[in-house]
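Note sheet for the following structure.
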């Protein structure tokens, strides 16, 4: 074969097999610092499905991502060995509890090998089985971008949906509400339960309107105050963005974040003790333009930058 | 039939027959406080038609609306009896004057029953026959969101179009220009007539650039100063929004409002003496994604919140 | 209110609340001959979801349907009282067995009132709980249009999916394979199981290629021979059509039926002892143009014509 | 300027200003044999509007058309001087009778100069004012491709719509029903009036099903028998095609013609005494892909081939 | 890692990294019987570009393909070792001659290893550098499906475009015109050169109209007669299909093949001495629905079936 | 012909042949002050092509533009004679150097006649051959809006691409880096070369983040300081905007300018010594909604306003 062939050498963005952030596709987590993982599951969605196709299209749109960050000049791929480790396999996609078990099992293997997971959903319920793998020993803090708190007790008669996963995570001791902050919350609800679910638990909730009033810097101060220097998870629900920027999602709420705000907030997480993250709820069928997946890939890159910085610091400290 | 069936009990958003704001469909206005009404008419459009399909798709996207407002915690459906009263029927949709008469006749019946109308267009010309029904006794003030003043004397040789309806309303004594304020005006014109039509009449015109400079709060102060505590109509033309947020409209003008600005402005109308409102110019054929109709439904809900508050106060005062 | 208002009198197709085939929306099945029912369930889909939105959009596109058939001059609405009875409600949309029970319960009530159900899915799994209601006493024959046989034993480790429902129906004694015929079967499979599942059971399978060779009339002869004059169900999976005609579906297979072929085949069912039917697998998110839902509504009307003829004959015979 | 500039020399299809069939844009009909004319009017549409944008997009998609026909090897631009003469101007687009007068006036000038008009609509109502100009002295025959007969007496309370124009044309003595044939008729109606309107007048109606049974050649024989060698108009409603081929139209009816059938039928008109033609009901907003306009442009070229042949024979005979 | 992970074991179609026909991605051609190769080049396109994105989207839509053919019951993956060998790399995508050299170099390596290439374009010009690799020793015959002959001498002043590659291939002694047959040719041209280019060279040209008259079986007879049992290349330009079936292409021509006709023709190539093939001109930007890429993947599978049969026979004979 | 016909008198926006900013189409530059020119070339694009279709669609969407500016009340068509002079013709669109020569030749003729060019691309490489015509005698300054600096030394092995044209322009003495300012720069890169290419040359680079911090007015101050009162070119790459506002472009980068910011910045150029401008990288295939072309046309109008002001001042000074 040509010497210049192979994924790494490919200069054309649209060429070759699509992988997350254009990283090499590997099956063995040994030596991988950050494992990019797709979780094509949307069986816990209560309205518009389609997030199962998220990983596939974020891979596709990863063709637009590059390496050196224009603000920080960080190249995450120089700081860490970052690989696309494929998607979680599901033995029975119709069985939510089995799927959650499959996810947790997959992530335990990743963590056991010393890799840090950065995930692409899938609906937001996947954060729960991921946390079961990575927060098994002690609860983590979380910086959570979303239009919804996802701390309801149940939804449509079900305890496990994409609107309840963080209530469950708190109950299971995986998530420390005192070290959790939610940003971008908005949109009418049929009851106040989902807001109370966060506030009563001690989570710091920054509604969209408070965020607008605070601005980026004060919000970042608040984030740092809440999560401190303990291990922290980053969860980015694409519906935190306004549907003008990310129409392809299951539960759009108007009046949301812009992409430039999201980028600034994610970049501002530099210096935190980040230990994993996810980008969820990209539902390609509701955005034929592909732009939502482009936004998803671009924000995945932003998280990869701050996460690789944290991982390389942690690795250096060991 | 199952006890749990019926529109009210339906928990799934995508299920059942689509109604405006998911309200019950009723034919008799007795006991209705706020009547949601579709006006599927676009015969006065001078460029891209399609707003006749607005009510249908706003119904469809109403599936995303819920009851309790995340900022004010108002549930408009607890404050008022709000119903979908269907669409105005047109005996001859090709005859503009007959259609206007049909609209006025329909709204007079609604008003006679004591219900307050909240309308979904249709093109913006429908505001004139609506005002003929609700402002028959005395002129009303108006908070008007739009890229265009709609106060031209004529358009394409016609006195009755979606660019002249408020000039006519002033001439007919339905609209008090001194108590009228227009927000978001922008976009080149082939003559200055439409701007002079407002300014010469004494309407307060806040061009997009002045709005940007003032910000939300100062604009709201100006609104309150202009309209005072007399009866006030709210008219929201979806083209006041930037086409990134609402591409599905007949006369898009770039450089417009964001949805979060629109929400803040509409919420800021709380406390005014609102007596009716409309959301117009949603033209679904120009936005296959359905997002414009989602925006329309979401802003209809915002108006329902401030209108239900005003109606319940008025009812209590009687 | 205006005398000319109300759903029945509405002359404008795009006006008013959208119902299936523009029929009145009723809650009580008494006196209804044919009950149009939406079943917004897609929890048994193994690839692209979205059929849960099928009933909503078929209602929307029903605005294009009218009453008198151009070939047969039948007006089904004169032959029978046909009503839109809304959608099946689901207590827990995440629990397949509960959803199936909800469907069966809903249909038993319809049948108990003497109405004949004509359904809009939803994924194809819904035919099983429907058959449990209507074929409880004796197995029915079936004319089944589809790219797939849906007689696999299991799919992705699950016994109940939209690829296994007719195997289950045979096992449960609801479907008589000797009186069942499948038309339009095509597309590669990962095993021959789904084809054997039909052939071994004695179902007459007309693959797409045989249909092309036979033509319409010989195929209709074969249908009549197979199902005879005993009670027969009609199940129309929209993926029997070529994706050029119906792209909005979960499992498209190229090389399928045209709409004119489908119309001719459905019209040719006149004279059979039809006792119920369904149109399934319309998945609107995969067709922003809305054409698939238009096709769905148009074929629903075709079935309504032959079904109303059968029902009126049956009613007359009683 | 460069010698190679100018519309005629442009070799790139996507370059330059878009004109109908890439013909030169001229204002003076002198010396023009066939005048391509846009009629951007859709004020007589009873459901989905948008055909006013038809001429613009057919111009755009004309970039795909070329000169030499692959079957007949006719180059219509060598047989005749064919020019794009722009669009009819409307003094008041909201006034149907004035618009009809504007159309008739425009076409009288074209005809007076000796040019033969070939038109792009606009909704189908435009055929009436066109016939008023070209059939003023004696009624013409017509080959009419459509899903609908357009011979109703009235529609939605109006005598002049896109469903009545040929009834009016017969009443006004412009159209000879005995020399008129309609092909592709189909789709349910709310009454049989539109079918009776044709059959009672003596028009030969070939429903879609009869066409399918007859095939191309027998249909062409029937056409030739009906229209003979007297002056004949060709009217092609794009909704005669199946919506899979032409989704962008106001009143789609499934089960229609394919493009290859339409091409064969239009080519088969060679030898008739064709004196004008139109392609109508292309409604671009309902087909973002642009394919319907491509079909419209391609069939316009087919008509230009047979029309140029007829015109050159007529010119030679004079 | 989980034992059940890995591309081969993945049961979910939408899961994992997308490869051509869901085959394993390999870099080394040793032991590969049929090499699936993407050629993301569209620099020789004279109108609408975008075919460079073809391989990516055909990979994406390969998720719908499966293994066992429903007519022949062939499983090509049991007959041959078939692998996705990635895309050709281009050192300078702006330099056509360099790109052609890169393609030829890549294919020579594939052939040298004993693998048979089955390609996905890219524009149709890629067939020339592919033939330079595989027909270096003796000219091949070809079964060519296309709306255009691609045998012009030059296009827009260029000798190497996607309209001239087969003229060049004949001149270079790669293609034997006496053993070449072109099917589906249609659409006007600005000169007769491209048709003469085939006919004068002795290629058998079956225009669309002749194909319609002949039907599938007679066309297959003609194919067999022309190409005989000598080595034969299969080239499938997606624009041979009607744009209703494959809108996403650069030069659509209405009146083309249906997918069911294309499938039957490709299946009918069984028994020929096929030595390689391609599917070209899928241009995803012009079909946001993704259906054209689905058609491309499905027809790639059809070719894989007949090619694997030929390859396994050839291998057995050695 | 009717007196009221002709381009100038056409009152309907959607009527007639589409020209840039609805200006008359002329071939002779004599007497033209500002020449609107399309440059349909995208052969230097390294990822998604399609900008060759930009001029065509900006013409189409120019139907929304009007004459009098709502802020400045300038009517550029009263200040200057502005005409659509068609598109640059390309003798061989596959030969980049020949295309550049064609462009330069075309613009030299325009300039020789005393007209000022305002261009619509095409990809951004076209600015180089344009500058060769207009900056032949002395280097110009530039206000450049873009996500990318376009000052790389080479891209994919090529010296002339849409990422290198301003490096070449500096090398050729056409562009004065000290009088050049770039606004909106953002997005990761695979190396820092493109940023260094600007900064090392002395270009003032305002990254997106600095712009956000500075705001409109301070940025305009900086622009005025950098370019002064010497001749200045304005180059607007549509990808400077966020993809929510302009998705139809080849290299989208999230986190960009809003349209209202772009409008304010362009308006703020009033008073500068502007001598030409362009709007580039509108790629219609990636935005079926047409909104990107609408934005392109609207910003072209904004540039026409400030450019006509500068030209009329320059003309008056002569």
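Per-chain residue numbering starts at 1, and chain names A, B, C, D, E and F are given in the order in which the chains are listed.
As a convention for this text, a residue touches a chain if its C-beta (ideal position, glycine included) is under 8 Å from a C-beta of that chain, and two chains touch if they have at least 3 such contacts.
What you are looking at is a predicted structure, and each value in this text was computed from that prediction instead of being measured.
Undergrad: If you apply the touch rule, which chains end up adjacent to both chain A and chain F?
TA: B, E
Undergrad: Find the pair in C-D, A-C or B-D that has over half of its contact pairs, by residue number, in common with A-F.
TA: Copy of the A-F interface among the listed pairs: C-D.
Undergrad: What's the chain with its C-alpha centre farthest out from chain F?
TA: Checked the centroid distances; the maximum from chain F is C.
Undergrad: Can you check which chain pair, E-F or B-F, has more C-beta pairs in contact?
TA: When the contacts at E-F and B-F are counted, B-F has more.
Undergrad: What is the distance, in whole Å, between the centres of chain B and chain E, each centre taken as the mean of its C-alpha atoms?
TA: Their C-alpha centroids are separated by 55 Å.
Undergrad: Provide the C-alpha centroid distance between chain C and chain E, rounded to the nearest whole angstrom.
TA: 38
Undergrad: By residue number and range, which residues of chain D touch two or more other chains?
TA: Touching at least two other chains: 11-12, 14, 46, 48, 52-53, 63, 90-91, 93, 156, 242, 244, 286, 288-289.
Undergrad: If every chain is a node and every touching pair an edge, decide which shape results: line, ring, star, complete or other.
TA: other
Undergrad: For each chain, which other chains does it touch, given as pairs?
TA: Going through each pair of chains, those in contact are A-B, A-C, A-E, A-F, B-C, B-D, B-F, C-D, C-E, D-E, D-F, E-F.
Undergrad: For a test of understanding, state which residues of chain F touch chain B in their complex under the given definition.
TA: 11-14, 63-71, 73, 242, 244-245, 258-260, 263-264, 288-289, 291, 294-295, 298-299, 301
Undergrad: So in the complex, the part of chain C that touches chain B is made up of which residues?
TA: Spelled out, the residues of chain C in touch with chain B are 1-2, 4-7, 9-12, 14-19, 25, 27-29, 38, 40, 52-53, 55-56, 59-60, 63, 84, 86-91, 93, 102, 105-106, 109, 288-289.
Undergrad: Residue numbers of chain F touching chain A in their complex, please.
TA: 46-48, 156, 185-192, 195, 207-209, 212, 242-244, 247, 251-256, 286-288
Undergrad: Could you please specify the touching residues of chain C with respect to chain A in the complex?
TA: It comes out as residues 42-44, 46, 48-50, 52-53, 90-96, 156-158, 160-161, 285-286, 288.
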